[in-house]
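Note that the chains are named A, B, C and D in the order they appear, and that numbering of residues resets to 1 at the start of each chain.
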């Protein structure tokens, strides 16, 4: 049983590390603000779930697990919210998506 | 490895001087304060680096095990210094805001010009 | 391996610092300062300073950004003039950096347990804390008891800085011509952040209290807790507008908090004198000296927390009120 | 295995930092700060276990709670800036 949990947690951690990395590459390589935001925010949540889940399996039932669950819950609440807030702020300020305008310079004054 | 052990101190020196450069060379008062915060962070880094003991852990006794602890004293000094740092930075920002209200500018040259008039 | 992680983070920190100095948009510089704070906090954690990392997290992640942005809103976002004596400053700074780096070759090796810093007073603190105070967190023990004078001084510095900001910015004239209700509405029209923020505020407050009272057993204490609680109330002010926040905690109450903290700290010290001990000697506060020490630390940490909360909130409101 | 996750997180932090330095718009930089914040939470939780001191998860918890405030402060800054600008424009007309 413990070997199974161990393997599972390593798998989760590896996948988590990968998705975090993919998010980083996406945030760097994507062509405009909204696609970058998409790459960053989706993998942020997925990576957090996988990595923290992997650690939780390692920690077993303890105070640490409860703290990890709290961290995960708060991350899942705040991270998409800040992405949403940021995207709406950018849209209100007039930054247009790439496909529409094909431009991404400084936010209009 | 011997040289790697000094890397933290080098970063301290470089960071300190980057902050100092912003203070001397940038005419914008807010930028000067940002430089000053960097300068502060460099000093914090120096203190904490000095307190680290190889193979040690944070000076909070765990329930079992761990006999080597890092030095608590620099941590105490820096812990208070961070909060003091933000309050003094806020005081500096307050002065900058007042300067802007009186002179209409936060660029050193322009303030000096107005003063000389 | 951990050493390599530290080196990597420090390199990122230097890159960030250079970018901060080079950018001529102050808003960008403030954002990059936020990144620098995250990196340096991670570094503190790697260097075994959990308490310091928590302080940097509490202060750097929220409050410092909020204050700088508040100041930018009142001044300007762009640097206009280029520096005139760039070459000269660069030469001076580079020379100084080289001298400092040259000096580091005389420094003891990183992490050397035999270095002079580690061999004088620190082992005594580590050894005597269980005996005299009997709490696991040595940092809190040194902060509250062994070096209580230091901390009292720092609390007064924070207090003075807060008073200074209020003198500079408080009770000022209105600088803006905007309709007041527009300014005061905060982020009330942003539904999603508002709902999530409202859910979070009680948890942040609860976490702040946990950090305050768990400071003797884990990383934490008055300085961190004060900053976290102030951050929670600043979040409320951002979401609901200045006015609502001020009606929850009016300016008079904030002034009271600012003054109460140092008073409480000083009173604990004086109580020690009255009970026949020295100033800030907590052993006499209870019949059992160890219990007395613990009680004293609890009280002065509360004093520190109250001061820091009051001062940071007072500063925030002073900046925010100026924008009206 | 913790090491692998730590390295992945650190590399991502470097990439996000690059995005913050390159910009180009201010929103990209805010996005990068936000991303770095989440990555720091992950890094701190992993390192707490790497050090065998899971009681230090408080730090990651602090960041998970407080990072949000920075983004909201930025949002409020943009909002009040837009207000000020429209007022200035109104005054000029």
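Keep in mind that, in the parts below, a residue touches a chain if its C-beta (ideal position, glycine included) is under 8 Å from a C-beta of that chain, and two chains touch if they have at least 3 such contacts.
All figures in this text were calculated on a predicted structure; none of them were measured in a lab.
Visitor: Counting only C-beta pairs in contact, which pair of chains has the most of them?
Guide: Greatest count of contact pairs is found between chains B-C.
Visitor: With chain centres taken as the means of their Cα atoms, state the distance from subunit B to subunit D in Å.
Guide: 20
Visitor: From the mean C-alpha coordinate of subunit A to that of subunit B, what's the distance rounded to whole Å?
Guide: The separation of the two C-alpha centroids amounts to 30 Å.
Visitor: Find the geometric centre of each of subunit A and subunit D from their Cα atoms only, then give the gap between the two centres in Å, rounded to an integer.
Guide: Using C-alpha averages as centres, the distance is 11 Å.
Visitor: What parts of subunit C, by residue number, touch at least two of the other chains?
Guide: If we look for residues of subunit C contacting two or more partner chains, we find 50, 72, 190, 193, 196, 200, 203, 218-219, 224.
Visitor: Where does subunit D touch two or more other chains at once, residue-wise?
Guide: Where subunit D meets two or more other chains at a single residue, that happens at 13-14, 23, 26, 30, 32, 53, 55-56, 58, 61, 65, 67-68, 72, 74-75, 79.
Visitor: Could you say which residues in subunit A touch two or more other chains, in rising order?
Guide: If we look for residues of subunit A contacting two or more partner chains, we find 74, 78, 81-82, 85.
Visitor: Give the pairs of chains that touch; include all such pairs.
Guide: Once each pair is checked, the touching ones are A-C, A-D, B-C, B-D, C-D.
Visitor: Under the stated contact criterion, what part of subunit D meets subunit A in this complex?
Guide: Those in contact with subunit A are residues 1-2, 4-5, 7-9, 11-16, 18-19, 23-28, 30-32, 34-35, 38-39, 41-42, 45-46, 49, 54-55, 57-58, 60-61, 64-65, 67-68, 71-72, 74-75, 78-79, 82, 85.
Visitor: Which of the residues in subunit A come into contact with subunit C in the complex?
Guide: 74, 77-78, 81-82, 84-85, 88
Visitor: State the interface residues of subunit B toward subunit D in the complex, per the touch definition above.
Guide: The contact residues of subunit B facing subunit D are 57-58, 60, 62.
Visitor: Across the complex, what residues on subunit C touch subunit D?
Guide: So the residues of subunit C in touch with subunit D come to 1-2, 5, 8-9, 12, 15-16, 19, 25, 27-28, 31-32, 34-35, 38-39, 41-42, 45-46, 50, 53-54, 57-58, 61-62, 65-66, 69, 72-73, 77, 176-178, 182-183, 186-187, 190, 193, 196-197, 200, 203-204, 207, 211, 214, 218-220, 224, 228, 231, 234-235, 238-239, 323.
Visitor: Which of the residues in subunit A come into contact with subunit D in the complex?
Guide: It is residues 10, 13-14, 16-18, 20-21, 23-25, 27-28, 33, 36-37, 40, 44, 47-48, 51-52, 54-55, 58-59, 62-64, 67-68, 70-71, 74-75, 78-79, 81-83, 85-86, 89-90, 92-93, 95, 104-107, 109 of subunit A that touch subunit D.
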